[in-house]
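Shared between the two complexes below is chain A, which has chain B as its partner in the first and chain C in the second.
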Partner chain A sequence: MLVIKNLSTHFPTERGLVKAVNNVSLSLATGEILGLVGESGCGKSMTLLSILRLIPFPGKIVGGEVFFRGSNLLEKKPAEMRALRGQDIAMVFQDPMTTLNPVFKVGEQIGESLRIHGAMGKESFRRRYGDNKKIAEKERVLELMKEVGIPSVDERYHEYPHQFSGGMQQRALIAIALSCNPQLLLADEPTTALDVTIQAQILSLLEQINREHGTGIILVTHDLGVAAEFCQRIAVMYAGSLVEVGPTDVVIGEPRHPYTIGLLRSIPKISSKKEKIKPIYGNVPDLAGLAGGCPFAPRCEVVKDACYSEDIPMRQISDDHQVRCLNVPGHSV
Partner chain B sequence: MTAAEPLVKTKGLTKYFTSRRSLVAKLVARQKDHLIKAVDDVNLDIYPGETLGLVGESGCGKTTLGRTLIKLYEPTSGEIFYRNQLVHELKGRELIAFRKEAQIIFQNPYASLNPRKTVRDIISVPLRTRGLREPRIIEEEILNLLQRVGLSPRHIDNYPHQFSGGQRQRIGVARALALQPNFIVADEPVSALDVSVQAQIINLLEELQEEFQLTYLFITHDLSVVHYISDRIAVMYLGHIVETAPTITLFERPLHPYTQALLSAIPSVDKGFRRKRIILEGTVPTPLDPPPGCRFHTRCFAKLGDVCTRVTPSLVEVEDNHFVACHHFK
Partner chain C sequence: MRLARVLERVFVAIPVMLGVAIIVFFFMRLSPGDPVDLMMGEAGSVSPREMEALAREFRLDEPLHMQLYHFLAGLLRGDLGNSFVKRKPVARLVREHLPATVELAIGALVIALVIAIPIGIISAVKQHSILDRVSMAGAFLGISMPAFWMGIVLILVFSVYWHVFPSHGRLPFAVGLKTITGFYTIDSILTGNWSALASTLKHLFLPSLTLGAGTAATIARMTRSSMLEVLRQDYIVLARAKGLTEYAVVVKHALRNALIPTVTIVALQIGTFLGGNMIVETVFGWPGLGRLVVDAIQRRDFPLVQGAVIVYALTFVMANLLADIIYTFVNPKIEL
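After this line comes the complex of A and B, so read on.
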C-alpha cells in the first residue's frame, strides 16, 4: 500500500547540513502494523512527516519517492495533498495536550476533519446519517467518540480539551484521525506521554481499529517493548538511516545489526533476574556534520576501518530481513 | 534483611498540599480550599544497603514521598526516623549532618543544574559544606568525583549546556556523592534519557552502591528498570502504598489487583515475561478528591463490594516480607 524509496529529508542549519532522513526505503502492506523504532533525534518523526509532506522550515525533502496506492505523493500538487491528509492518511501526534486546540470544544474539533473533506455531502454518508449536515456531523462524531471509548459522549462532546485527561485527549485525537476512515494511520509516539495502564488501553484501541477496519499503521516509538508486542514488522532507525528491518520475531529474537543488538542488551529483562545489562558506549551523535560511513561506527563494538569510509548499503540477509552492516553478509538490495 | 534495623522508617507519614481557591470563589461560590492528598498514611522501612524501588503512575505521590523523606517538604503528619532519630526534630548541626547523609538525584538533568555555573562551581558547593577549604584539595576531589562518575577531567570548567543528557545526569550523581551520603533518593534518574544511555547510568548507580554501601530509594515508573535494580519494591497508588515485597516475589506473585494490572501492562521485548494483559478501565482519579475506602476501587476488577468503597484496607503481611493492602487479604 505504501512504498517509500530512497527518501531523504535535509535541514540546513548553522552547524551544518542535518540529514534527518537519509535514504530511507520502507514498505507497508495493507492492514499491516509496522514499528519504526529509534532513540530521540534519529529521524523517526521526520520520516512520518515526510510522508505527509509536513516538514517544518527549513527542512526539505531532497530526494526519493513515496508511493501511496501507486501514485507518488512527492509529485502531487499542494491541493491534492490537502485532500489526502486526514482523509486517506491520518496522523496521531505524540503530545495530545498541545495538538488539540484549547479554545474549541472537543466535539467540534473531531467534526472539523469531516467538514473540511466534505464528508457530509457524500452519498453514502447521507444515506446513513440523513441530509441535515449539522445533525449528521454530530451523529458521526458521537459515534466516533463511542468507538474510541470516550464515556458519556453527550456531555464530553461539549467539553474543552483541558477537561479531558491525557488518555482521553489521546482518544479524541484518534477519533479525529479515524473520522474519514483512513487507510493509513501514522502514529507518532502515541503513548509516550501516558502512564503504563493508559498506554495499554490506547494500544489495544489501535489494535482493534487495525483489526476491524484493516487500517495500516506505522507506529513510531522509542520503546522496543511496545514495538515488540504490537507490531508485525519492525524497522530500526539510527541517526537518520534505517539499520535493520524485519519481522518482529526476527528483529527482537535474532537481531543482526550491532545497534539493534546493543539496544536490546541495554534493556533490563524481566524473566531473567540479574542478566547484566550492557550499555552502548558513548552518546547518540549530533546529526549536524555527520561524516560519511556508518553513523554507528564510533559506538560499535565490531567496527572495522572500512566502516568509517564507505557508505554502507542495505543488504538482504533473508527473504524479509534487511541489515545495513559490513559485518553481516548478504546481497545488496 | 528484617533482622537489621531500618535506616529510614516512616510511621503514618502524610503530606497534603493545599490548592487555594481565589477569594471570589470562596465568597461567591462558597468553595473551600482543596486538599491534595499526595502522600497518605505511609508506613515504610528502608534497610541499610538495600535498593527499595518505588513504583506508581504519574501523580501517585512517589516524588512527594521521596522528597518528604529527606526533609525537602515538611510532613503534614506522621513521623520519619533516620537511624532512629526523628527527622523533623533535627536542628542546627544535627540537621546539616542529616542533609549530608541523605541526598537526592533529580529526574530532569536539564532543570536540576544551574545553567550559569560550571561543573567546578556545581560540585564545589557540597564539598565546602563537607568542610573542605583548601582550593587545591577541592579541585582534586572534584576531579576524583568526575572520574568516578565517568566524566573526563577536561570537563571541569564546562557549563551544563555543553553536556548531553546522560552526562548531565552523571554531574547530578557526582554532586550527590560529593557529600559522602549514605542514603540517596534517586527520583526517576533515567526517565529523561535514551535507552542506550539509561543502561550506563543504571550500571553506574549499581557500582557506586557497592563501592560506598549506599542505600537507595529508587523512584521510577519503568517496571523493567525497577525489576533490574531493586531488592524490594513498594507499589504506590494515589498516595497509598498498596503492596511491598522482595522484587522476585512481587513479579512472581503480585497480589494486589493494581500491581497485577500494572505488571501485565508492561510492554516487553521479553517473550518469557509476556502475560495476559489486564486492561484497567478509566484513569487514575485525582488526588484532589480521592475515592473513599480503597483508593483503587473505582478501577478494580476484583471488587468485593461495599467493604471496598467504605473501608480503607491496611497493609497486612501475607507471606514473609510480602505486604498487601487489599480486602481480599486479611
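After this line comes the complex of A and C, so read on.
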C-alpha cells in the first residue's frame, strides 16, 4: 500500500546540512503495523511528515518517491495532497497536550476533518447517519469518541481541550485521525508523553483499530520493547538512515546491525535474575554536516577502517531482512 | 456568576477613582498660578475688592480642607461643580465635549485595526519577505514618530498640498448638521444628511490616523509576533494534517489564538485613545475633551480639570475591565 523509495529530506542550517531523512526506503503492506524505532532526533518524525509533505521550513524533500496506492505522492498537486491528508492518510502526534487547538471545543475539532472532506455527503455515511449533515456529523463524532474510549461523550463533546487529561486528549486526537476511515495511520510516538498505564491503553486502542478497520499503521517509537509487542515488522533508524529492517521476531531474535544489538542490550528486562544492562557508549551524532561513512561507526564495537570512508549500502541478508553494515554479508538492494 | 464578578470589579474601582480625584485636587492647587490672577490678568486693571469677590465665589478663600470637603460632598451628590472660566456646570461641559472625543477614539481604533491586523498576519505568514520588512519598518516609524509631528506632516501633505482632507475641526459650519447625540456620524445618518456624513468622515480621517498610528504599529508588531509563535505550534501541524487549506489554517486555527494577546492590548488602548489625545485634538483643532482640559489646565480651572480627570479615570477602569472580560471570551482557559 505504501512504498517509500530513497526518500531524502534535508534541512539547511547554520551549522551545515542536516540530512534528517537520508535515502530511506521502506514499505508497508495493507493492514500491517510497522514499527519505526530510533533515538530521538534520528529523523522518525521527519520521515512521517515527508509522507504527508508537511516538512517545516527550512526543510525540504530533496529526493525519492513515496508511492501510496500506486501513485507518487511527491508528484501530486497541493490540492490532491490536501484531499489525501486526514482522509486517506491520518497522523497522530507525540504531544497530545499541544496538538489540540486550545480555542475550539473538542467535538468541533473532531468534526472538522469530516467537514473538510465532505464525509457526511458520501453515500456510505448518508446511509448510516442520515441526510441532515449537522445531525449526522454530531452522530459520527459521538460514535468516534465512544470508539476511542472517551467516557460521557455528550458532555465531553462540548468541552475544551484543557478540560481533558493527556490520555483523553490523545484519544480525541486518535478520533480525529479515524474520522474519515483512513487506510494509513501515521502514529508519531503516540504514547511518549503519557503515563505508563495510559500508554498501554492507547497502544491497544491502536491495535484494535488496526484489527477492526484494517488500517495500516506506522508506529514510531523510541522504545524497541513497544515495537516488539505491537508491530509485525520493525525498521531501526539511526542518524537519518535506516540501519535494519525485518520481521519483528527476526529483528528482536537475531539482530545483525551493531546498533540494533546495542539497543536490545540496553533495554532493562523485568526478571528475577539481575542482568546487567549495557548502554551504548557515546552520544547520538550531530546530524549537521555528518560526513560520509557509517554514522554509527564512532560508537560501534566492531568498527573497521572502511566504515568511516565508504557509504554503506543496505544489504538483503534474507528474503525480508535488510541490514546496513559492512560486517554483515549479503547482496546490495 | 460572571455578572457578580463584573460588579465586584466596578465597586473596587470606586475608591481608586476617589483617590485619583483627591490627588488631582491637590496637584492643581499645588501648581503655581492662581485662577483669579489669570482671569483678572485678561480683564486688565481690577480692584483688590473685585478679586476678593471672585475668590469668594470660587471658595478659594476657604482653607484647603474645606475646599476638599465641598468637592467631595459635591461628588457624592453627583455634582462636579461649575467651571471657573466658562461659568457652566462641569458635567454639562464634559457631556458636550465627550462625543467628539469618543468619535475620534473609535475612528482611531478602526483605522488601527484595519491597518494593523492584516499587516501583522501577512508579515508573519510571509516572514522575511519584502512586505514583512517594509511593514515592520513602517511600524517602527509609527511607534517612534511623535503625534504632533505626524499630525503636522499629514496636514502638510493631505491638506495643504493635495487638498484631499480638511485639517481642522469636525465639520464646516455651513453644512448645518442638526445635532442629536453629538456623534456627527450618527447624527448625519439619523437626519439623512449625507453630505454632512461625507464631510464628517473626511474630517475624522487625519486625526484618527494620527491618533491610531502608534497603536496600529504596536498591534501590527504584536499580531505578527504572536502569529509567528502560534504558527510553530503542534496544533497548526495537525490542522494541516487534517487537510485544511493554508488559508483556513491561518485564518481559522492560527488567528483565533494569535489574537488573544492582541485583543487585550486593543481594549486597553481604548483608554489611551480617550485620555491621551490632547495633542491630536490640539493639532487638529478638534473640539473634544482633550482640548477642553488643556485649556482648563492653562487657566487653572480647577473644577473642570478635576471633573475631566475623573472621567478619564473612569474610562481607564472600564477599558481594563473590558479587556479582562474580552479575554475570558477569546481564551477558553481563563475565567474571570
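The definition used in the following text is that the second predicted complex is superposed on the first by the 332 of 333 C-alpha atoms of A that agree within 3 Å, B and C clash if a C-alpha of one lies under 4 Å from a C-alpha of the other, contacts with A are read in each partner's own complex, and residues count from 1 in each chain.
We adopt the following convention: a contact is a pair of C-beta atoms (placed from the backbone, for glycine too) under 8 Å apart; a residue touches a chain by one contact, two chains touch by 3 or more.
On a predicted model such as this, the values are computed, not experimentally measured, just so you know.
Overlay on chain A: chain B and chain C fit together in the combined arrangement. Legend: residue contacts after superposition of the two complexes on their common chain; A:167 is shown touching chain B, with no touch to chain C. In the superposed pair of complexes, A:197 makes contact with chain B only, with no contact to chain C. When the shared chain is aligned, chain B comes close enough to touch A:225, but chain C does not. The angle formed at chain A by the C-alpha centres of chain B and chain C is 80 degrees to the nearest 10. By the touch criterion defined above, A:102 lies against chain C but remains apart from chain B after alignment on the C-alpha atoms of chain A. The partner of chain A that touches more of its residues, comparing chain B with chain C, is B. Applying the stated contact rule after C-alpha superposition, one finds that A:1 touches neither chain B nor chain C. When the two structures are aligned on the shared chain, A:326 is found in touch with neither chain B nor chain C.
Taking all C-alpha atoms of chain B against all those of chain C in the superposed arrangement, the shortest distance found is 7 Å.
Against chain B, the residues of chain A that register as touching in their complex are 39-40, 165-168, 195-201, 203-204, 222-226, 228-230, 252-253, 262-274, 277-280, 283-284, 299. In the complex of the two chains, the chain A residues touching chain C come out as 49, 52, 54, 56, 82-87, 90-91, 93, 95, 98-104, 112-113, 116-117, 160, 162, 173, 176. Across the complex, chain B meets chain A through its residues 57-58, 164, 166-167, 194-200, 202-203, 221, 223-225, 227-229, 247-248, 251, 261-262, 264-274, 277, 279-280, 283-284.
Across the complex, chain C meets chain A through its residues 233-235, 237-245, 253, 256-257, 260, 330-333.
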